[in-house]
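Structure first, then comments.
Naming follows writing order (A, B, C and D), and every chain is counted from residue 1.
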Amino acid sequence: MKPFTGIFTPIVTPFDQHDAVDEVAMARNVRRWMKTTLDGLVVLGSNVEAAQLEDSEADRVVELVRIEMPRDRALVVGTGRESTRATIAATRRAAAQGADAALVRTPGFFKSQMTAAVLERHYQTVADASPIPVLLYNVTMFTGVNLPVESVARLAEHPNIVGMKESGSDIGQMAEIVAQTPASFTLLAGSATTLFHALCAGCDGAVLALASLVPDACARLRELVAAGHVEEARALQQRLTPLARSVGTTHGVPGLKAALDLAGFTGGQPRPPLRPLSPPHIALVRSQLEALAAPPSVSTELGAVMSAPARI
Amino acid sequence: MKPFTGIFTPIVTPFDQHDAVDEVAMARNVRRWMKTTLDGLVVLGSNVEAAQLEDSEADRVVELVRIEMPRDRALVVGTGRESTRATIAATRRAAAQGADAALVRTPGFFKSQMTAAVLERHYQTVADASPIPVLLYNVTMFTGVNLPVESVARLAEHPNIVGMKESGSDIGQMAEIVAQTPASFTLLAGSATTLFHALCAGCDGAVLALASLVPDACARLRELVAAGHVEEARALQQRLTPLARSVGTTHGVPGLKAALDLAGFTGGQPRPPLRPLSPPHIALVRSQLEALAAPPSVSTELGAVMSAPARI
Amino acid sequence: MKPFTGIFTPIVTPFDQHDAVDEVAMARNVRRWMKTTLDGLVVLGSNVEAAQLEDSEADRVVELVRIEMPRDRALVVGTGRESTRATIAATRRAAAQGADAALVRTPGFFKSQMTAAVLERHYQTVADASPIPVLLYNVTMFTGVNLPVESVARLAEHPNIVGMKESGSDIGQMAEIVAQTPASFTLLAGSATTLFHALCAGCDGAVLALASLVPDACARLRELVAAGHVEEARALQQRLTPLARSVGTTHGVPGLKAALDLAGFTGGQPRPPLRPLSPPHIALVRSQLEALAAPPSVSTELGAVMSAPARI
Amino acid sequence: MKPFTGIFTPIVTPFDQHDAVDEVAMARNVRRWMKTTLDGLVVLGSNVEAAQLEDSEADRVVELVRIEMPRDRALVVGTGRESTRATIAATRRAAAQGADAALVRTPGFFKSQMTAAVLERHYQTVADASPIPVLLYNVTMFTGVNLPVESVARLAEHPNIVGMKESGSDIGQMAEIVAQTPASFTLLAGSATTLFHALCAGCDGAVLALASLVPDACARLRELVAAGHVEEARALQQRLTPLARSVGTTHGVPGLKAALDLAGFTGGQPRPPLRPLSPPHIALVRSQLEALAAPPSVSTELGAVMSAPARI
């Protein structure tokens, strides 16, 4: 059976009024997610302020989340760093804290030096040293680096590299990855605005900020595609797209945090220089959440799948 | 019923050894395409040397093709020019020659001036003046201009603008166009490497160089998606992708012409500065054609749909 | 002595109220430019609606301008087309009409096919066939194609390729062209917002829309750089930049036409889909023209060089 | 008098065979640079593996360099981080260690959120909290974020923001910064391949990897521009460009380290995933260093300025 398939969400870090990690709120968020169909959580992912956490904060976050998660849900920890040695150190630390897999972002600072050969050697070295399975992580919009499909194909042969998160929305590139990797290799999408298309292209699931808000709808979309209900799936994607865009590319972490607050979680303030969402944008996100909670005009069945976690 | 749905191919112009249009070969090509399931032909499309034809040659090509096409197949003629008045003149000429619709590429020379408002007014003026239905045509990779989704939505309300060809491979943008235009508005994809994904996103068909070679396979892909056979469709797309890439982005017109020659049509030489495909690339295209003609390992049913026009 | 050095301007085509070429106004414009220090005119350049003229109009424009120009000023005609044969035909026609040189834009429609080898062969074939000297013309912002420095170096060896217009603002690339071509090869800049920097980098002159308005100031900038007055030249460039930007990238042909009308020339309406400049933008251009006509605070000498042709 | 003008070099971190910082070699490098005309050193700059150093290593590096530097040379320390609070903490630590100024790179991870307003507030907060002068640092090729000229103009009014390093090679943008900031604001270039052009545009100096190798030649280029010797300066730039490119964009840190080893410094191995330069590339860099050490054909004066630190 393929590991790490399904719907994951990269969790945010709520800060209290002193800009410290609000551990109580974080634990409460996790417990609530554990009541949904989510297949797992991603901690220290690129979308959720990992770049802004101190090392000590990062360690504490992993610890806390593991405590709240039952063993049958996957805890994936982001451990990518700019140097190979720091990546290995972070991966080992995550393993020691109970992570089920390491999500390793491509290094991206020295962009012009990040050739296919350099990236492949980096991943091989990390995978050799890692006590837990490694997931490749290509997020060109943040790193400016693209891990070539041919490199993915070669890396997929490593016994400790079990899958990949591809955050782009180039569906053709996703289809190529599916075509050129073995059936046992897991491919997870990272963009909720193109989730339906990524699933059609053969993705085995996704890691989505959107899934922090409407996890069951994301899972439902996956079922619809698997069952060949293309039109229904397309309609569900159309309903999800506005909110997906707000908490994804358009408003990023501040958008997601505002939406979480509206939905009864604790999102809290983003850490500067990120700024909280403005009131008009908050109103927009609220209307997008409400539109998903309301029974859709086209199908009463879809309405049900949204309603679970949203408490507005 | 929606007009101009289905699979179209943009036909190439074969030149003889004096670099003149080879009218006999062109007529023969058209007659052979008329024996396939193709829903129509696009003449003077951007992929097929329209940019390189003299005006008198262009007129002759339309005339010739109309003669060979029965009235129940759609003849679409490319009439986009850099000025509004030249576009209108070309559109009227095409109508007089029996074109069923005009495919109007966005002007693209003065890129920074091509705002949404400028493009909308251009299309409205052309559509007002055109005796035949107009199809918008967005081909950013050639023009450097992107017709915004919001503009498409507004233009779709014009009674004489009946559809659009979107040549990009941004599946998210296609899905947005489907979501924001009325059900009666036809959306045609233009990239064969992402045909399956475009169809999932709701496209009503496609205009594909690939369909000059394997029209029935393209039509079959459309049927598979309509029937919800997602996995089979994905497998067919995977089989088509290598050839699609060769006669699309990678080798362009020279690739398509070489493939047509190999498949028993007359492609002939590309017009300079375009250069004929090199022998190693010809060998590659030959192997890609043969791979499609051969019975695939996964499904004998797919093999049949390829075999029709390819005579290698 | 190096041919085609100095300051040139690409002239606009004034249209009358029936959208026909206003021949009287055009002749008047040319006569006025002939009273300035301009070294020559470029007709059918990419910035000035060549893409929008009918062939018959284009021929008439060249004819008219030649009549009004004394033989000791250079008439350069844009003859680049998408096919090699059409480029040669246009070049021969320009030569027959008395052009002193042909400015040959890179073909750019089939971008991915426009490799260095294809572009080099195109230019060699055109230069072999041309009765008049050829100037290469690289204008990536319009064509999406970049003629590599190495190709320029090779083409500069052709006896009939005497120079180049490089319209980009990548000063490093210009410096490379200067370094890799013989001293006899003329390099002309095409961007007025970086004219000073291009001249420092070794350009022998420029083809500038701005020079339709303030030709003597452009010539003065060239003299200042040649004399090593770096600070004064930098100050003059700073004064020119706002207007340069308005009639260049920001407002393009519509901006230039509006500025010409304000300065006592006949610019007239741009041909649709291009739209006339809006009143607020016209007011801005007027203030930019006035700022150049007024004596500058830093140096009375600079004021004089502006005042010549502007009659506001 | 303007602070922090002149030629600076961002120093590399030599590692020993156990991948630990080689403190002896580092001290030796610094002492040798102190015998040249260099105006100062940049430690923990983006080009020199700061992204790869552990915090404890970074602290040690600053300490070491300060010990070896006389007080009349400027020690600038890179302190930019993704969060405002971490940037402030790093800046205070650098000040405590004796840094003369903090070079603060724009945050760049959450690119789409890094609006002008967000970046301005970040810099204002950091400058308010910093005990030492702050230099803005825009390095789009690494961060994917561009600090707009208008923001620079506003930030230049802050009493504790005294200048900026602009690493791009968009000379027009540099000229705009010069034009829109007060005369007391220092602008340093960061690209050695366009150093001459940046100086013409009004830069007050530069921070260059190249200056680790040929500091006196870089200083000489500055003098030539100041004296209005445009042609001689252009010729010197042409001589410097090949090596500048090798240790800049083309080979980055590995190129610079190899060149330092060849020139008698200790560069050492780059930290993985960066890879050491290949032997053919080392041979190329050697020939580029030798070409600069040799008396140039055009001018014996230039030869002298190169010879100082290179011991090959």
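Keep this in mind: a contact is a pair of C-beta atoms (placed from the backbone, for glycine too) under 8 Å apart; a residue touches a chain by one contact, two chains touch by 3 or more.
Just so we're clear, the structure is a prediction, and the values are computed from it rather than from any experiment.
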Max Cα-centre separation from chain C goes to chain A
Can you check how far apart chain A and chain B are, centre to centre, with Cα atoms defining each centre and the answer in Å? 37
Between chain C and chain A, distance of the C-alpha-averaged centres to the nearest whole Å: 51
Which positions in chain D touch two or more other chains at once? none
Among line, ring, star, complete and other, the chain touch graph is ring
In the complex, go through chain B and note every residue touching chain A. 169-172, 175-176, 178-179, 191, 193-194, 196-197, 200-202, 225, 227-230, 234, 237-238, 241
Tell me, which parts of chain A touch chain D in their complex? 19, 46, 51-52, 54-55, 82-86, 107, 109-114, 117-119, 121-122, 125, 141-142, 144, 249-254, 271-275
